[in-house]
Amino acid sequence: MKFFRYSLKKLGGSLVTLILAASLAFFISHLAGDPTVQMLGMSATPEQIAELKAELGFDRPLVVQYGSFMNELAHGDLGRSLYAGESNFALIQSRIWASIQLTMVAMVLGVVLGIPLGVYAAAREGRLADRVISSLAILGQSIPVFWLGLMLVLLFSITLNWLPAGLSGDWKNLVLPAVTLATIPLARVSRLTRAAMSNTLEDQFITAARARGLGNRRVLFIHALKNASLPVVTLIGMQMGILLSGAITVETVFAWPGLGSLATQAVRNQDLTLVQALVVYGAFLFVIINLFVELLYGILDPRIRDARQQ
Amino acid sequence: MKNYLLALRKTSLWNRILLFSGFGLISMAVFAPVLPLADPNGQDLESSLYPPAFLAGGSIKHVLGTDLLGRDVFSRLIFGTRLTVVIAVSAVVLGAFFGSILGVIAGFKGGKIDALISRITEAQLALPFILLAISFIVARGQSLGTLIFVLALVGWAQYVRIIRAETLAIREKGFVLGLRVSGCSDFRIIFQHIVPNIFGTILSLATLEVGTMILAESALSFLGIGVPPPGVSWGSDLASGKDFITMAWWLVTFPGISIVLTVLFVNTAGDSLRSHFDSRKRIF
Amino acid sequence: MTKSLLSINNLSVEARSRTEVVQAVNGASLEIGEGEIVGLIGESGSGKTTLIRSILDLHERNVQVVSGSMIFKDIECYNFEKEVNTLSIMRGKNIGMVFQSPRASLNPLMTIGSQLREVLKKHCPELGREEVRSRVIRVLEEMGLDSERVRRSYPHQLSGGMCQRASIAIAIVIQPELIVTDECTSALDVTSQAEVVNVLKKLTILHQTAMLFVTHDILLASELCHRLIVMQNGVIVEGGETSEVLANPTHPYTRGLISAVPRWG
């Protein structure tokens, strides 16, 4: 029952966040100025601008535009692409699977490799293994992910000719882009796991567990890791937003037919409504995943369920 | 002068290296126009796609090769530091300023204002950064000012949460309650007592953010919506170089290495700065 | 004279930091008999925590034993010179430990019941599920706790005193011969303190468990202990029957401790 109430609270919060995020997206792109001037170019006459404005509904007062935007959103309508005229939602749906594939594989790779690396580094704190892993993680966070992709293409596709450089096809095409994208969560997860494990191992209940004669492996994995994984779970939720952003550049490098290339297309075509739709959709994905993570956290940590809102 | 030299001798070797590198970086950025370098935007279609000097076909005149339009790669690397530094630092200062103000207000006032600010911050953090940047720049058009503004927009939310927490902690301290009871105005409390204490945290966060901004700017330039030409940016060089990756590997390798080295430097220097500040006593 | 359970001889322990080496314990020797309650008294920094951690071989990385030996139940379990160290085998099984902070020594993500079961499964693997369950209930009842409620609770749902009693329960459920308690009442309010002391007294009577009761509070120790040992700056300065030490303290430090206690009437 307590968990049910906790879930409801989190669900409500997510809804509010989503509405606010969509509104923010709207205001940010509309207060930046209207794009009709951009679209028609410098040589456009005032009449042409006015005509386009009316056609697209940009001449209405901002509040009215906002109202219709939110109304359409409530009905699941993300508007129409300025360039292609198609429903934005349909456009996004056609590309989303490829992006989900890429992002999921990258996230899984990053977590599955990152957590053991972090645990190992914490267990060998201060020694060579720890220093190497930590340095690599810091390096990983300093490299632009799209450049890493380019370098990997240079090495594995062009020089060694082992793997294809992009486009989709069978699993071989997924390897390079996924590995490239995976460095983002891998670096963060391993660093955070190491720090969290290191902190947890200093807690007194670990010493107490040892004092009770429990074996080293049990203490490390059952007691320490379970406690240390809590902040890591939160991180994974937050990573999705960053991963989405990273995926856009990676998809560009590898010509991966996902949302990222849709976004670059939209940029090239000055397709404001499509970009806005992408932002809202991205926020939606982020909020859903975050909600899931918060619920998971509530299952893992009994203290959260009992905490009262201050 | 003697004092500075003495202080320099006391710092560790590592810190000295960092200091020297930082100095070198800033000098490169500041003095680039007067150094004996080729014009970074000087096109020379005769010398298109030259490889670096140490490979066959290269020439000493272009140490690291040229791009499609014959522009010197090395010169573009050096000139690239200028905008990189300016953009990143401006974005950080702007973002830190607004983010911290909002954080202090949220933490100090509490109640409805705090709830409002926190909710908006959460919503902002839910928006994927690149998409947000894209939507703003597409609507407004590409320009340097727009770029800095967008980067600051993306960054401010990070400060709000942490500064808010710090402000809350200080507000609960005994002496602040005492000041409020004795009728000290909110303004004075904030400026005289809270700000000096959170300044260290703001600085720590800001140093972390500079690296992120550099990476973000290069990503945006890579996508074609970052630094407008004729500005020299490593990110846009990567974008134009990517089409020639099979025949001119140097066009994508060197600008990328520049980005990595700069970000690494900023992060390590930031780490040093941070640990220096942590060990300092806080002023009240 | 009761039969000797634990005998520590000439133990010295060093703590190393990057700048200096500190002698945390210097040539300490003590004896605990079967079923005896011995109080170890000293301020923070006296070395008492380091000493008892040596008994369980629970030191941090920068702390090392440099000399001495220990005999438990007539078996030499530790000898620095001869490089003998079987202390970790006895941890939890023959020697139990209770720490100062009640919640900090319990895993916040596990119920009390599961932490009890875990210890039983480790040291008494031959017990069946029913046996384990009944032992858990019995030991919690012995501590004066509502077994049905407590074994399903998480540490944050219980009060400080209850957590401490739960920790004691975990320490004694496998019936060790010796229990070491490190300032286990210092973090509690007066009522909880009294509850815990009562529980400890009952324990030693019921199960003949020996106890090394470590504290800074000489008055509290005198309520509970048969013998008192006083420690200062890593050295044991006084030892003897409780009544003797209180009545005729020989060392000035002991005298200081006794006179510092406020007396009524």
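Each chain gets a letter, A, B and C, in the order it is written, and its residues are counted from 1.
Simple rule for what comes next: contacts are C-beta pairs under 8 Å (C-beta built on N, C-alpha and C of every residue); 3 or more make two chains touch, one makes a residue touch a chain.
If you're wondering where the values come from, they're calculated on a predicted model, not measured in any experiment.
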Category of the chain touch graph - line, ring, star, complete, other: line
Chain of greatest Cα-centre distance to chain C: B
Centrality ranking, top chain (CA atoms only): A
Between chain A and chain C, centroid-to-centroid distance (C-alpha), Å: 50
For chain A paired with chain B, centre-to-centre distance based on mean C-alpha positions, whole Å: 22
Between chain B and chain C, centroid-to-centroid distance (C-alpha), Å: 54
Residues on chain A engaged by chain C in the complex (per definition of touch): 203-205, 207-215, 218, 223, 226-227, 300-303, 306
Of chain A, residues touching chain B in the complex: 16-18, 20-21, 23-25, 28-30, 32-35, 38, 138-139, 141-144, 146-147, 150-151, 153-154, 158, 238, 241-242, 244-245, 248-249, 252-253, 263-264, 266-268, 270-272, 275-276, 278-279, 282-283, 286-287, 290
Chain B - residues contacting chain A, complex: 119-120, 122-132, 134-136, 138-141, 153, 211, 215, 218-219, 222-225, 235, 238, 242, 245-246, 249, 252-253, 256, 259-260, 263-264, 267
Residues of chain C touching chain A in the complex: 56, 58, 88, 90-93, 96-97, 99, 101, 104-109, 118-119, 122-123, 154, 156-157, 167, 170-171
